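Following this line, the structures themselves.
Common to both upcoming complexes is subunit A, partnered first by subunit B, then by subunit C.
Let's turn to the complex of A and B:
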């Protein structure tokens, strides 16, 4: 059995670790690329949302490399994601691939269902083995998330351009290669050392931008043209509102293991979107309010074209932006988006918030 | 009080209930005009760019009504079947309206959800009653009357195969008599699939039903197919579809294709950029491509669709199935 899964940012690191610790052979699809997107678009329904298309491309590339078991998450709606796997399976079958698709449906209180599926994939490893493998994978995930956070700050202040990213790449490798918790501990020390070697400019008066929106476009650098890096290059500190570990918590863990934080956060959206609207629509709005409260300079809202929950969010954003006096820019992404257009818009937005910040410091507060 | 109901989205499914309910509470129900050029224009102008056509049109209907009424009824429709949804945009509909349209009258935006259990329908009525200041007793009575009306309406809709089509200003619910479809045994039968608010809104659908009927085609839609047949059809799915409208659509198609009854063609009228349609349409097309028992066409509509091209495609399709049925 050769297991594969879709890409979403660094998600492959813990997944690979998890399956390999259990002795399962893994085929990590090539990182999402133009080819992935082209393949995905060619065989997807025209109006499917972007994550559908790119992940379908991942599967095709992995199947070409010999994968025979696809692990994918499911869902219960209201958004399309919950039905992705069903349609992708049909498409791949019609393309003539032979494979098994294991869909991890959100365990509504039944962590056992999840474990049973894992037992199936891992040919009946013991609960303890699964636990140990899971723990290591989880630690790796947390470390990768932490690394992202640090890099999003460091890029804006590094003295030597590109230094952060080279450290970042090495650090991901170190995390990926660790096979035990001890090794991961050692990797961690090494990473800390390398990070502290990055020379920094003054951290005063930095611009800070928050990223909100649909989770896949936020987490997958290929589809968002590495927006975090691009903003870093423009001297902006980036705070991304969602991390992969959060997503795993929300989607794959039973409710009693979830933290209360998301609920509290959602309250901030109440005047605009008081109820769950699928995906992260309400959360995007709540995050913007929260960023405004923290004094962040501006927010960028990312969504794939036709993304339903984020369209609901987008419709209330003008109001949110006005009331909380925070600039918000929306970026709608699809297979036709171009990097150059995006860069121009980012630069314009950064100029806008920089001017605004300067004016504010002069006491001439004016927005809208 | 004058309560405004936009002639859009779930109007085509629930108007019999809404009208009876509000009137039983002593209110006057005002409907917006049938979709027209101005309504479409207002909708396009005010709604968020990325919304689908039906949601934009809904915005236009709100504009059409808002200065003529004391309150607007824009429920938050979460779920109309246990463990199913409609679409995220229905979940956020009142929020979108409130943010996008200025100077609105008070909005009755009570949640309607029977996701957990069927009592949700009554809870919805109760919440409206409370908002309007009625006693629970009166509300409960109005609810029962309205529910009876809705159920008997739906039943006769299926038995008489009556499509919920308005005629002019008159609502399909008031214009009760004239919609019987009378066709001989030899008439072509076409299964028309799509969201009710797309296929029954003559303006949005470019009068597809009228056109088909003029050609002597008998039009069958999910709304006139008995529920047990719908669910028989949707059982073929590997995983339950969590969108009620999508489930009905797939259920209808599978029922007819797998020999429920002979059918000459299937038309899927989909909204451009509609999330559920993109998934459901794909399942449908794959199913048809694999078994190919029926001619099939998908027509995507949005605000830019031209009527000429639409007619040409429709006619070509009819030629195709006519040829097929003669052979």
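Let's turn to the complex of A and C:
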């Protein structure tokens, strides 16, 4: 059995680790590229959203490399994502590929179902073995997420341009290659050392931008034109509201182990969107309010074209932005590749929040 | 005399604005880019030099527009700024109280909201070019009307016909339909103006609070029919500044002036008008380093590599700083 899965940011690192620790051969699809997108678009329904197309492209590339088992997430609720695996399976079958597709539905408290599926993929490994593999994968995931957070701050202040990203790339490799918790510990020390070697400029008065929106477009740098890096180049500290580890915590853990935080957060959206609208629509609005409360300078809202939950969120954003006095810019992502247009909007947005911040500080000064 | 030059390299037009140290426009040039940005910039520089007094000294240069990076490589710029900021700066210099800027250019349209002289919100058209200058150009051409007369003719209309403005293709078939039914040209043109304005307000300006003074700029502001349609739809006066057609360039010039005056020690990066006579060429190749197959662009001046871009990973652009 050769297992593969779709790309979404650094998700491949813990997944690869998990399956390999259990002795399952893994085919990691090539990182999403123009070819992935072209393949995906060619065989997708035209009106499907970008995540559908790119992940379908991932599968085709992995099947070409000999994968025979696809692990894909399922879903519930108004977002079309829950239906992706089913439709993709049919498309790939029609293309003549022979494979098995294992759909991991969010367990909603039935963790046992999920474990049974893992047991099936790993040809009945023991619960203990699955636990050990899962623990290592989880630690890698936490480390990769932590690294993202650090990089999103460092890019804005690095003295030597591009240094953060070269350290970042090496660090991801170190995390990927660690095979035991011990090795991971050593990798961690090495990464900490490299990060502390990055020379930093003054960290005073830095601009800070929050990223909210649809999870896939937020996490996959290929479809969002590496927006975190681009903002870093413009001297902005980025805070992404969603991380993979957070998603796992909220969706895969049994309810008694979940934190109360997401529920409290959703309350912030209540005056605007009082109910669940699918995907992260309500969470996007709540995050914007939360960012405003934290004094973040501006928020960028990302969504793939035709994303229903985020369109609902977008419709209330002018009001949210006004009431909480925080600039919000929505960017819609699709197959087009006009990076210049995106860059122009980012630069203009950064100018806007910078001027606003300076104005505010002047205001404070003149009051004193 | 100390002067500052602004260049707006857009997809459809390339504009130059030369200002003196008080910010007054001494000279402006509006050229069609016609798909040849490098040549157009050099032509503009030549035209500028021919017209100018010999005592003119360029103290700073700013570039903007979608080709701002390219323009900067050719002429040597002190400031490279996005067109939204440049347009806002220019508008503020002409009408300091401005609260809303409507800008419609060749390929894109934008709205900028300002309060107390600060940009607080903006939006650009996202997916469709319906209702930008290129579309109007094409329709005028189809009807055999010089684009300069478009507005004037539209203003004559008493019974504008309704045209669907949501999409350029639908608008065109609607227009043809009306024309075959026997509607007058002026009524069709006025209908088109109204459709464009409706589309702009519903898409680009969606959810934005439009407060006066409203300034209308960009190439399309020359069209009095569109201006009138905006006034009717908004129920307020719409101002078209004197240099409406080169506002981006004007903004870039003002920003260059600001950057230089903040640091008097700094000398301009401007290569001089000689840049217009040097040989520039752009070469592209497809990088095979990964499946992204990025198209990398290299700009040469003579044999010297001036800039490189187009790669996602930085493999090629990193070692040649722009």
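As a working rule, the second predicted complex is superposed on the first by the 362 of 368 C-alpha atoms of A that agree within 3 Å, B and C clash if a C-alpha of one lies under 4 Å from a C-alpha of the other, contacts with A are read in each partner's own complex, and residues count from 1 in each chain.
In the analysis below, a residue touches a chain if its C-beta (ideal position, glycine included) is under 8 Å from a C-beta of that chain, and two chains touch if they have at least 3 such contacts.
Nothing here was measured: the structure is a model prediction, and the numbers come from that model.
After superposition on subunit A, the partners subunit B and subunit C are accommodated together without colliding. When the shared chain is aligned, subunit C comes close enough to touch A:356, but subunit B does not.
A simple residue count on subunit A separates subunit B from subunit C, and the partner touching more is B.
Contacts of A:248 after superposition: neither subunit B nor subunit C is touched.
In the overlay built on the shared chain, the residue A:76 is in contact with subunit B alone; subunit C does not reach it. Looking at the shared chain after the overlay, A:342 reaches neither subunit B nor subunit C. With both structures placed on the common chain, the touch criterion links A:36 to subunit C but leaves subunit B unconnected. By the touch criterion defined above, A:206 reaches neither subunit B nor subunit C. After overlaying the two complexes on the shared chain, residue contacts for A:87 are found with subunit B alone; subunit C is out of touch. Note on the composite model: angle subunit B-subunit A-subunit C, taken at the C-alpha centres, equals 80°, rounded to the nearest 10. Once the two complexes are overlaid on the shared chain, A:47 sits against subunit B while remaining clear of subunit C. Once chain A of one complex is fitted onto chain A of the other, the partner contacts of A:318 extend to both subunit B and subunit C. Of all C-alpha pairs linking subunit B and subunit C after the chain A fit, the shortest spans 5 Å.
The interface of subunit A with subunit B overlaps its interface with subunit C at residues 305, 318, 332. Subunit B meets subunit A in the complex at residues 47-48, 50-51, 76, 78, 83-89, 91-92, 95-96, 99-100, 111, 237-239, 241-243, 272-279, 281-283, 286, 289-290, 300.
Within the complex, the subunit A residues that touch subunit C are 30-31, 33-36, 162, 165, 226, 305, 317-318, 321, 327, 332, 334, 340-341, 343-345, 347-349, 351-352, 355-356, 359.
Listed in rising order, the residues of subunit C touching subunit A in the complex are 66, 81-85, 108, 116, 118-122, 124, 126-127, 207-208, 290-293, 312, 314, 318. Here subunit A touches subunit B in the complex through residues 45-49, 74, 76-80, 82-83, 86-87, 89-91, 94, 103, 272-279, 281, 305-309, 311-316, 318-319, 332, going by the rule given at the top.
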